[in-house]
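Below, subunit A partners subunit B and then partners subunit C, in two separate complexes.
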Partner chain A sequence: MIICVPNEEVRGDVFTANIYVSAFRNYYIILKTILEVIMTQLVRTELIELNLKARERKDAIIELTGRLEQQGYLFSKDGFLQDVFQREEIGNTAVGFGVAIPHGKSPEVKQTAIVYGRSELGIDWESVDEEPVHSVFLLAVPEEKASNEHLRILALLSRALINEDFRQQLLEAATSEEISELLNEVTQQKVIES
Partner chain B sequence: MIERHYTITNEQGLHARPASLLVQMASQSKSAVMLVEGKKEFNAKSILGIMSVGAQKGAQITIKIDGPDEAETVSKIEALFNSNFGE
Partner chain C sequence: MKILGVTACPSGVAHTYMAAEALAKAAKKRGHTIKVETQGSIGIENTIRAEEVVDADIIILTKDMAIKNKERFAGKPIINVGVGDVVRKADIIVAKAEEVIAQKVQK
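And now, the complex of A and B:
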């Protein structure tokens, strides 16, 4: 950083200038940290549905998309739904262990988010294993970010979900806060690691 | 045991769709199929295992196949990589 010192009187006051420099630096670090936290807090409590009403794949996706729309993440709900359904047609997004990760990289998404929905009774995901789905993660990723962001989130979620304890904790969590904490912990840890 | 090295050439890396194709192939095999990236080994019969790798375009990975039908499995997997997972 270059500090311009206008005249001799001020030039003497190197100490003051140093304070300015360090204040600037601190300000920058704080701003950067806040930004990082916002970026990695993909799961907000408002985006968690503890008791999904839907019992079928399509309805579950519609229900969770409602959350996204309510919270202002989408330009168009119908456009986003169309992209997610199209993706489901290419290949079922059930990943086993009663988990499904439907996802839409879509120009209709304003900001990356994960919506989580839980169903005690289970949802018919029309998957090969015919196992009912109890945990649904709906990923919403803006199209321009799709290549890396989408892959990164899928990898983070998958790594966490392989762990049986983690899946159990998700199903047993009593509040949305607990779940968002669990999920944000997983994503943030990995961000620091990489 | 057979080992094959690949570089991911898909524009979007080994995302969910190619991962599920690889799982389908691996699951049909009677052999153990592992995907190795760096020092980490992942089960290629599990979609979560493959997606865990998060292999981006340009990533170097190794496929290890060990079992009675390894030769047949490796040729199927080779074809899948050569076709760039149909992308």
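And now, the complex of A and C:
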């Protein structure tokens, strides 16, 4: 049996290597944290449509889903649409104030996202109050995610929508960047105990 | 005035929270203290404690869905309102709560 006893020189190298490994590990942790922060930006500017062409509920959902597909968030566009329409059947997602929040928890979704669409002329959402919808939030959530995540986002968004300033800011924002910033701020905050 | 509220809606995803926010905002605007419990699809949040019920002047409940643990408010003045009305007309509902309290005091 041969036992190798490293000489001084080699031991020094091992020591240096350890420093490198630990530095690399720290670097990796920092990078991972930055990436996580970026990933939690649910509303990216590419997912914002300032001028929806659709004038009807179904068309608006299809138009916004196109954005999701184009940005690579979906496994299957048709499958996702089916799930969103199914939810719409259970109950109309127009919530008043000219806002609708269609949403789908679907195995066809790769990653949670919110798509925002704005319509100046208004969309017929076939809601009881017949109020035209000017702001649409389409929420896409993967099936395997605990259902709580998308419900929490919806809850935060719903609370924010009560704020008239917030609604106005959304309608008046000139760029997608402004809207993305507004929405990320709202969906990341903690609920303040009232 | 100390107001307590509980909100719930059939799907439990949007109106429950919009109503809670609207009610809290309207009450604070009129100088009242308020706590609103939400009974939504996430579960019960911001739960009202027994001692808070003792201190409360009035309870506002939404009536679209059966409110859980309603019996804890027994003996307190209660206003039942539609969740949609709370979202749209929270100011009027808080004003009504003030009225109910004022009448009770007169008696």
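Here are some notes:
The definition used in the following text is that the second predicted complex is superposed on the first by the 154 of 194 C-alpha atoms of A that agree within 3 Å, B and C clash if a C-alpha of one lies under 4 Å from a C-alpha of the other, contacts with A are read in each partner's own complex, and residues count from 1 in each chain.
We adopt the following convention: contacts are C-beta pairs under 8 Å (C-beta built on N, C-alpha and C of every residue); 3 or more make two chains touch, one makes a residue touch a chain.
None of these values were measured; they are calculated from a predicted model.
Overlay on subunit A: subunit B and subunit C clash in the combined arrangement.
Look at A:K77: by the touch rule set out above, it reaches neither subunit B nor subunit C. By the touch criterion defined above, A:R44 reaches neither subunit B nor subunit C.
In the superposed model, A:K58 makes contact with neither subunit B nor subunit C. Of the two partner chains, subunit B and subunit C are each touched by A:L161.
With the contact threshold set out at the top, residues 90-91, 93, 95-96, 101, 103, 147-148, 151-152, 154-156, 158-159, 161-162 of subunit A are in contact with subunit B in one structure and with subunit C in the other. Residues of subunit B touching subunit A in their complex: 11-17, 20, 46-49, 51-54, 56-57. Interface residues of subunit A, counted against subunit C in their complex, comprise 90-91, 93, 95-96, 101, 103, 147-148, 151-152, 154-156, 158-159, 161-163, 191, 193-194. Put simply, subunit A touches subunit B in their complex at residues 90-93, 95-97, 99, 101, 103, 146-148, 150-152, 154-159, 161-162. Of all residues in subunit C, only 10-11, 13-18, 20-22, 24-25, 34-36, 38, 40-42, 45-46, 84, 87-88 touch subunit A in the complex they form.
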